[in-house]
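Same chain, two partners: subunit A is paired with subunit B first, then with subunit C.
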Partner chain A sequence: MISAASASGAMPSAIGATRGVRRRRFADALATVVLWTMACSIIVMLAAFVLYMLYLGAGAMTPSFIFGQPKETTAGGGIGPEIYNSFYILVLTLLFTIPIAVSAGIYLQEYARPGLFRTIVQFSAESLATVPSIVMGLFGLLIFVYTFHWGFTALGGALTLTLLNLPALMRVTQEALGSVPDTLREGSVALGGTRWQTITRVVLPSAIGRMTTGVVLIAGRIFGETAALIFTAGLSVSVNAPYDPNPFHTAETLAVHLWYTRSESVVPDVYRIGNGSALVLLIMVLLFNVSARVVGRALTKRFTGRTS
Partner chain B sequence: MIAPQARLAHRTETAATFLLRFAAGFVIVAMAVLLGYLAFEGTKTFTADHVSPLVFLFSSNFSPDTHHPGAAVFIAGSLLVTLFALCVGGPFGIAVGVFLAELAPPRMTHVLKPAIEVMVGIPSVVYGWLGLSLLVPLIREHTSSPSGFGLAAAGIVLSIMILPTVITLSEDAFRSVPATLKEGSLALGATRWQTITRVLLPSARSGISVAVILGMARAIGETLAIQMVIGNATQFANGIFAPTAALPTEIVTDMPGATQGSPLEHALFSMALLLLLIAMLLILLVRFALRRRA
Partner chain C sequence: MFQTPSVPVGEEGSAKLVAEHVDVYYGTFHAIKDASLTMRGQHVTALIGPSGCGKSTFLRALDRMHDLTPGARVEGCIKLDGEDIYGPDADPVVIRHRIGMVFQRPNPFPKTIYENVVYGPRIHGERNKARLDELAERALRQAALWDEVKDRLNRSALDLSGGQQQRLCIARAVALNPEVILMDEPASALDPIATSKIEDLIGQLTEQYTVVIVTHSMQQAARVSDYTAFFHLGEIVEVGSTNQIFTHPKEKRTEDYITGRFG
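Up next, the complex of A and B:
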């Protein structure tokens, strides 16, 4: 940061400010004001969003809406099964994503020597990270719906989201491991620990806080993902049971429901359902964000005794 | 003589290495299968339906059923909303990046950073819903646009959505400029603003281009937020408030009604392939920008 004193140009007044100097100082002050305004406007905008969603959706927040069944053609539908499906697909996705992404991240950060294999893994991960979620959704459609003939399923949706979120979690893992000081590793190896022992007993416990923060933030993103699920998990809740534990049945999530209600559905209370669903999604995102910090900090303290 | 314990440790080591390598290999296989499968499916428009790539890229007549799937409207729509987002969200994001790197007192950073993280987390449909219930009525009431849906609504929503990417990455770019350069400029009597525009901006140029390119990558693939506000009309936008369509929005709009194996379905997969290629091109650009810095 540049200190305010040097920036305002504390020149000896004997020299006197020429017109050029005055103009420069004015430009500097003006820029400071403009930059502050822009930064503040982001906070104001976000606050306004949240308040506006609260204003729109608060009226819909009744138990019959949050826990009720959706309706196809009549008013008064709820979002209970959709909320369940969102969590169900989230858990399935994390179940697949965490082992693969954490292993691949450990491999890249702790094991891989520079070389062709590592370069290709890194390039693949980078490319996978840029695949737009709608394109990933069409790939899921090709694989799980067309090739495997599963139809629209919770499992197909979860596997599609796994591919979509692998690169992000790999990066989180790599960054968390990278933040562990090498002295810890050297200490473990000096005591006769193998590489695997060093990683599982020394490096991972030190990195677990940061990794958890990353996982919870990614979980928030999975919870709100839509485009990749429309053509893989489907646009309707399971007909077999509202809270269906079978991964081979359709599973419309809350985010998909919000989009579907607006663009395809014929229910008369579209705006009530949309406003309510949007508010629930927003509250979930805020909860995921807050818990990411709290849990991450708690784990770091528990495993390393450090407070940050 | 090796103790059994040490032998066990050695075996675990070998098994672990194998498993980790396997997970890393999975990433390669996943990307290869995705690229191969989409390339195969996305080129059926040209191989099975015998449509000329020129028609697909440059014709604005989108009638796949008569073997004339011209996607020019959607390509232009995608480029225009992305350009809109870059023109509005780009400078704004870079400015806030400078603010965070150079001006922000710690207390402000502690508020702004979590706010930006929340912005990343807000689902795309919620942005779309906000645009629908806030922005579209505003545009309808205050401009000549009869519906409010169109390029401007989509562009504004997208500008907001790329902000976190551009802010975070350009902040990193400004922070990575060596302090000595900045100190030199200040020691010569330059004001803070002069230092930012004449020293920091030029030195952080490649990092800032990475920020903008990755913002662009986020914008070009964004689907539902803009699908809800762009109007979904198969026509070129003849004004900033005119309804139009983009590649991802057209895929979402038409895919539910497309039969497997139909020319329409093939055309939509070709559009998905095009999106994927654009995204990968942007990644290559990032690599290029980063290499030039190094």
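Up next, the complex of A and C:
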């Protein structure tokens, strides 16, 4: 209740702000503004980057560029086979990585008891994850290209990328499974479910959304990989046919082509090809990220009836 | 003081589930000490006692849920219709088909209501859609949930209220047609109205099933059960008909707990 004396200004109001309160409120507002600005800056940076790339590369976006063959020495080359190789290696890599990483993740999260074996596996995976991609590329060069006498192949590239991405996908699997509460596992067991039934019918369906998001994000990284593929998949497209289905074909990907164009190539239109390749690569990776969320939500809805 | 249901005169009920000298250890901690209890068929046995007295631990031993806990050890024997569920030939999957459990917090699977109810029959091999539909309806009726959900069986179970979710978990358990239903404080996470619905349900379930219920509410034990076992510090202090336990307890500890001197 405000006393009558405050109406004349003689005493402070019982509900109005004092100087101390004003200072605290100001600090609160200031912090809010600063944090909001930091968050916005991320959006601004991304927008600036994408817009600049669009500006640089839009001129190259013609059908003859996107679907045409690359040229060694003359202008007018395209990136058709390179896009094909990027997808080819992506699919091949996922074909190897997903079964191994998901199985290992399920084992570590659902079966292994804390102990020496589990610690060793987790440590090995973490160590594998810290190997620089170029070092892994060198390893792939020595094993697949030289020792196995394959030369530069899509298969060699895919196997090398598998080694690089296994730990990440295993970690994603473990975290996705770990996010499923134990009460659900208990519920399944109390109804007479075996461990495998519990995993396949309750735990995995609940985790599938997060796991898919993880897979698609890794796909984005595979699509953009360069160092490891330069040494294993090579710098030229297949000599047999540009869209060669044989896994042993030489497979220059779009990302590698971008590097090659701007550092080694002797064609006169390096800027056009470089900027165009960069823009296509950027669009593909952004599309991967968007579809990660879309597919993840759709699968979660399909399996659990809810969107998260 | 309390209203207790009367045990039918002359009807003992078979010794459906019998615990004999059961000890439960968590590592070196001796959680249940030499517990023996006969749980009678088609009656409700309540396990009461203060927090931490071991009643939930004992309940979980009855359907071998401690198998899931690393470091947990159960000794002694627990006989279902005369056969030891911890014996060398006993299969936990079969045991859990015959002995179902409802947990303190409702734990429906993040699936549709229908998928939740038929989960049990499905994992035990039932594939016939018509048969599953039939089982689902019967179970939901038994759990007094059918009328509320019959038009939305394909909606997510997580959209139901807490009380409805718990009745769904009960439906899930009865869909398997078990012989015994274990309930670990089934209404403690629910509001009073949902609680009384669950208590009514227990009365109906007794017509077909044997029920063992852990409860921290003495009033609830007095309302729903025929027999009561009082647990304290891991031991069964006293067992008797609910009427006798609450009006003429034989042990001092029992009397102290009942009259509210501790717990």
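By definition in this document, the second predicted complex is superposed on the first by the 268 of 308 C-alpha atoms of A that agree within 3 Å, B and C clash if a C-alpha of one lies under 4 Å from a C-alpha of the other, contacts with A are read in each partner's own complex, and residues count from 1 in each chain.
To be clear about the criterion, a contact is a pair of C-beta atoms (placed from the backbone, for glycine too) under 8 Å apart; a residue touches a chain by one contact, two chains touch by 3 or more.
Because the structure is predicted, anything quoted here is derived from the model rather than measured.
> In the overlay, answer first, second, both or neither for which of subunit B and subunit C A:Tyr52 touches.
Only subunit B is touched by A:Tyr52; subunit C is not.
> After superposition on the shared chain, which partner residues are touched by A:Leu92: those of subunit B (first), subunit C (second), both, or neither?
A:Leu92 contacts neither subunit B nor subunit C.
> For A:Arg25, is the partner it touches subunit B (first), subunit C (second), both, or none of the two (neither)?
Only subunit B; A:Arg25 stays clear of subunit C.
> Tell me the contact category for A:Ala158 with respect to subunit B and subunit C: first, second, both or neither.
neither
> Does the superposition put A:Ser188 against subunit B (first), subunit C (second), both, or neither?
The answer is second: A:Ser188 touches subunit C but not subunit B.
> Between subunit B (first) and subunit C (second), which, if any, makes contact with A:Leu281: first, second, both or neither?
So A:Leu281 only meets subunit B here.
> A:Gln197 contacts which: subunit B (first), subunit C (second), both, neither?
both
> Which partner, once the models are overlaid, touches more of subunit A's residues, subunit C or subunit B?
B
> Which residues form the common part of the subunit A surface touched by subunit B and by subunit C?
Residues 194, 197, which sit in both footprints.
> Quick one: which bits of subunit C touch subunit A in the complex? Just the residue numbers, please.
63, 65, 68, 70, 92-97, 100-101, 103, 105, 107-112, 119-120, 123-124, 155-158, 169, 172-173, 176
> Can you name the residues of subunit A that touch subunit C in the complex?
Counting only subunit A, the residues touching subunit C are 113, 181, 183-194, 197, 201-202, 205-206, 303-306.
> Can you tell me which positions in subunit B touch subunit A when the two form their complex?
Residue positions touching the partner: 9-10, 12-13, 16-17, 19-28, 30-32, 34-35, 37-38, 41, 92, 95-96, 98-100, 102-104, 108, 111-112, 114-126, 128-130, 132-134, 160, 163, 182, 186, 189, 191-196, 217, 220-224, 227-228, 248, 251-252, 255-256, 260, 268-269, 272, 275-276, 279-280, 282-283.
> Applying the document's contact rule, which stretches of subunit A touch subunit B when the two form their complex?
Residue positions touching the partner: 1-2, 6-9, 11, 24-25, 27-28, 31-32, 34-36, 38-39, 42-43, 45-46, 49, 52-53, 56, 99-101, 103-104, 106-108, 111-112, 117, 120-121, 124-128, 130-136, 138-139, 141-143, 146, 163, 166-167, 170, 194-197, 217, 220-221, 223-227, 230-231, 235, 255-256, 258-259, 262-264, 271, 274-275, 278, 281-282, 285-286, 288-289, 293.
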